[in-house]
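You will see subunit A twice below: alongside subunit B first, and alongside subunit C after that.
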Partner chain A sequence: MDIPGLQAEKLTRSGERRDPFADRTTILELRGVTKVLGRGKDARIAVNEINLVAREGEFITILGPRGCGKTTLLRLIAGLDIPEPGAIFIDKTDYSHLPAHRRPVNTVFKHFGLFPHLSVSENVGFGLRMKRLKSHEIAREVMAALQLLDLVEVAQRKPGQLNRGEHQRAALARALVCEPRVLLLDEPMDGLDLKLRGELLSKLRELQHNLTIPFILCTEDQEEALAVSDTIVVMNEGRIEQAGPASQLYEYPANPFVAGFVGRCNLIEGRFLYREGAEVVVETKLGKISCSLPDTDAEKADQNEVSLAIRPEKVLVNDEESVDNRFGGMITEVEYLGSETRLRIRSNEVVVRAAVPNPRLRLQTWKAGDNVFFSFPPDNLILMDAR
Partner chain B sequence: MKSRNKKFKGWSVEHGVMMGRRGHLWRSMWLSGPGIAWMTLLLVCPLAVITWMSFMDRGPNGEIVARFTFDNFALLGGKGPFGYDPSHLEVFVRSIFVGGVTTCACVLAALPLAFFMVALPNRLQRVALIMIAIPLWTNVLFRTYAWQILLAPDGLLLTPFVKVGLMEPGQHIYPGWRALMIGMVGCYLPFMVVPVYTSVKQIDWTSGDIARDLGADKMTAFTNAILPQIQPGLMAGIIFVFLPATGQFVIPNLLGGGKTFVLGNALEQEFVVTHNWPLGAAYSVFMLAFVAAGLLLHTRMTRNRQEREPMVL
Partner chain C sequence: MKKYLAITGPIAAGIYCFLYLPILVIVLNSFNSARGEYEWKGFDLRWYRTLFADEAALSALQNSLVLATTSAAIATVIGTLLGYGLNRYRFPGKRTFNGFLHLPAYVPDIVLASALLLFFTLLRQRAGWLAPGMTTMILAHVTMQIPIVAIIVRARLEIWGDSYEEAAADLGASPTKRFRMITVPLMKPGVIAGGLLAFTLSLGDFVVSLFTAGPGSKTVPILVYQKIGSGHTNDLNALSTLIIAISALTAIIVALIQSSRRYQDT
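Right, the complex of A and B next:
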């Protein structure tokens, strides 16, 4: 089969990924940024030698579990904490040791943090007031920001009288009115319902499109990350696990952590047996599994203990045509989700999750207890180092 | 069904018993009744009597003559029998001055103390609160007498100052303004610290970070984002301190040494010594009106700030 899209995917897999931001100006650059939090016995490395580049108009999402250091990283960029060691450049200028109020960076904080004693317009004008702008200039800029974010009607209200949507827009306006070179967003969707999330995300996308400054958003929610970002940076325990566009992270996770954190994934542990050209054979509890390996990943094959990852929707169930990596098993759980059915199949003490698209015309029924066979297409298996 | 009747909305089920509007009324009557009766008997009635009295005339032997007159208030305003005489007005000014200085001193002392307390570990915070409350367990009178002893010439508190050379031996600050202020602040500080501490404890400290992020240096962030948050506690403290401090007369009496004739002393004099009850009543009413006006102004101002119409930018 010769499908153009498939070819493109192959190309990216072999490392010739085209970076859409390659020719843009670098605005923010982090070099070896490290931060130790706490002292003495409680000291722990919150951020560990992070290198990161944000270019003009790039939407970067820092994705990671609670306590992975993403908030600390944002605080370092904002200047609320000082990296030690490490350097932070904004527009090629070293800002590493300048405090927050002297950096051209603004943040939308977790839970928005509007000043409760100030009205919306006073909140939005706060940054300009700190810059000692003239009052008529402040009024003009504030008005423009309020109009941009649909807040004119509530301009005189106190934060206590706002609804959640107005809250988030006010926080956004307050940060943007300062015309930062980089906008940081610390879990802005936390605690918002789905509808508001969607509205905020599209608003962010639209704003970012017009402003051409990099946005750096940090979140625990991978759906949010997949939806908006140009680049996703997956962080764990203070380190960057993998960075790249959403599709790359999803299709080619670099390690089991990324595979498990971005989307759902089956991880099958095994032992490397042998390699024949692009074909690698791994011994697992299920039996021998062969997978095709792009050339650039060759060095991975030398590892003895390896993990195989495959997304649930790539697992084929009862597919007569497939021949490779075919195993038998029993369905233990069925979840009917409308567009797809999620199955858990147990085979030889290994539980494999599969997501089968529901056919259009006839209702195919899966029952717990059914014996089925499933297969892993060699192209869709990802080989990585076991942890 | 009666409960479906639109005019009758009072049905509710409480403890398995259906209650109508009349039931609710009865229950609230006998629950709040004692309180209302108490307030009527001991607050509203005396106030009415005092107000009535302040417009009455005084007989030659100190009896109240039921003849409507503004003389008492005119007297307070400075219309003496021999022309302008501000002595009564001065009492007010002095009282408000004493109250105001006490309040300012309490604010200045309470702010750092409250921040310090919040910085303590939780267990110590409780200890600190108790330590602040302990003086309140003794009567003001005792505490004031204690100050007399401590502040006396060569007293316990002054000896170190004398030794260092800051004070001459035998020099005293009691009786006098300084002793009065020490006694007043010592008495009213707890009433300022507790509400201020409560607000400081509720401060959202991330506001400071946010202000810094928006371009405020550390000091500006503190004054613009942290301090405004304790305004409600500060306001409560000011009310708790200013009002009683203005009416206080025991401490000025005992520590002020006769130079500090304040409102409380004036009341005592009119009611007990000179038996001019209508004038005393006028004092009370005048002060009450002053305080009520202040409070009203404050609530009006804060409410207006919240409900202001959209301003034209």
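Right, the complex of A and C next:
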């Protein structure tokens, strides 16, 4: 049996992804980049041996909780901090020890980016002045950038007179006008309302489409990451937990942290019992759960303590046709969200979250206290090391 | 809010009266044509005419202004450098140094003044330097003004940390350009405010001036003190009013700078 789709699926699942950027030129490369912040007793490893490549036109999102090291990583790329040890290459040139003002990288900072004593157009032209461009060239480039980001009307204002959205667009214009080789965005959506977020995201996507440089955005907000990125890098405690396209991270999270951080996920802890071909059986509080694995995951199954992960929308509730991994439980919470209904089902001290699509022309019939049965389709379960 | 206004309103009014009524009396009396008594006998500028004809008063005013301007200028330069250094650099003993910066604010004027007097006397006796006069006064005033300027400049720099310098570095500005194009303009309001405060501090200082003054360097506060002893007060009211006007003007400029929209951030 040689079904191409299946083969690809298995490859993806084993971590070898189909990479749409494989033939693009590498622009930024980080090798073993490490940074210790603080001194003496307060010292902690903020960034721990990070390897990362960003290629032409790639939109990378670094996703992670507060304090995971993502901002420090951006600072290292920008040159505001120097890695020790580790190397940073831009266009194959080693920039590891060059300071920020000598790197072809620009940043959209999270806070206080715009100089308060300069007008918007002076702010946008600052980088060009530093490059010693002639004043008429600066004026032309600045005007083009202001038009691109819809800032012409506020060009003469001081940053203190701008609203939040204008502020962020001006910061973006100021960075882009310098034509960086890599654009860094440090939580640019922070503090924007939903509508402005959406506008800025689509603007970013559009800009990035027209430029060939990589964008590296860091954020705590996974929806933001899923919406725009080609590649998502999940960071935690200074390390990369997993990197890949959104769909890979969502469907095949490498570990419980990624499963919990990208999207919503049920994690069920258990003990590995035995394996029969592609079938692995795990003992959990719910009972025995069997899970089908592609053979490439063999080494993982040898672990004693394991976690099973399943996305809420993949849990089947009261589905008569399912036979495997079927358990009874009681609904403890119902959230009606229009397109779907979210349920919390308690069974043997385990709370399982399920998201059930709401069928056409029928009102939801779930209510708290109902006894239901639910099942986990074996090929939708992901087996991972417990941590 | 309204409920408390009934109590806090009168208290505030009382405090303001206590602070400003004596000053108001002096200002009004400087325009009073009555001589030597506190009874209103009509608006008159005669005390100002007397004042401007009085050599000693004019020379005191000139001394005060020269002293305040020179010492404030010197203290502003040194204090700014100190404030910048304390904000931006790490060095051993920085914490202790930072603590001692506030010391002159707690040390009574008389202690500082007598210490400086002893110091200058010692220098004069041992090395023959620094006869009491304008030079010793300027040095003494600079000593007390430096911490004021440094504290204000440091506070100004602490508002943003180095985030603007980092943004400038990111945009390709070298350290010298960052200092010139970002740090200096952002620091400027603090420097001006610190300088003007140093100026008013010097203008109104009595104790330190008295201890370090020489024969030809009498300032307005010293003159006022001596004249009060001899009983003439009418033209002193005029002189005090002038000093109050200069100080008030300076204070207003400081307030305007500090609330200026131009330097405010979102």
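Here, the second predicted complex is superposed on the first by the 372 of 387 C-alpha atoms of A that agree within 3 Å, B and C clash if a C-alpha of one lies under 4 Å from a C-alpha of the other, contacts with A are read in each partner's own complex, and residues count from 1 in each chain.
FYI, contacts are C-beta pairs under 8 Å (C-beta built on N, C-alpha and C of every residue); 3 or more make two chains touch, one makes a residue touch a chain.
Keep in mind that what you see is a predicted model, and the values were worked out from it rather than measured.
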TODO: Return fit or clash for subunit B versus subunit C, each positioned on subunit A through the superposition.
DONE: clash
Open item on the list: Looking at A:Ser121, would you say it contacts subunit B, subunit C, both, or neither? Reply first, second, both or neither.
Closed with: first
- [ ] In the overlay, answer first, second, both or neither for which of subunit B and subunit C A:Asn106 touches.
- [x] both
Open item on the list: According to the stated criteria, A:Phe376 is in contact with first (subunit B), second (subunit C), both, or neither; which is it?
Closed with: neither
Task: subunit B versus subunit C as contact partner of A:Tyr250, first or second or both or neither - done: neither
Open item on the list: If we overlay the two complexes on their shared chain A, which of subunit B and subunit C does A:Trp366 touch? Say first, second, both or neither.
Closed with: neither
Open item on the list: Is A:Ala139 touching anything from subunit B or subunit C once the two structures are fitted on A? First, second, both or neither.
Closed with: first
Open item on the list: Is A:Leu162 touching anything from subunit B or subunit C once the two structures are fitted on A? First, second, both or neither.
Closed with: second
Open item on the list: Based on the A-chain superposition described above, do subunit B and subunit C contact any of the same residues on subunit A, and if so which?
Closed with: 78-80, 99-101, 105-107, 109, 113, 115-117, 126-127, 130-131, 158, 174-175, 178
- [ ] Give every residue of subunit C touching subunit A within the complex, in rising order.
- [x] 160, 163-164, 166-175, 177-178, 181-182, 185-186, 261-266
Open item on the list: Can you tell me which positions in subunit A touch subunit B when the two form their complex?
Closed with: 75, 78-80, 99-101, 105-107, 109-110, 113, 115-118, 121, 126-127, 130-131, 139-140, 142-143, 152-153, 155-156, 158, 174-175, 178
Task: subunit A contact footprint on subunit B (complex, rising order) - done: 204, 206-207, 209-218, 220-221, 224-225, 228-229, 231, 306, 308-311, 313
Task: Complex contact set, residues of subunit A against subunit C - done: 78-80, 99-102, 105-107, 109, 111-117, 126-127, 130-131, 158-162, 164, 167, 174-175, 178
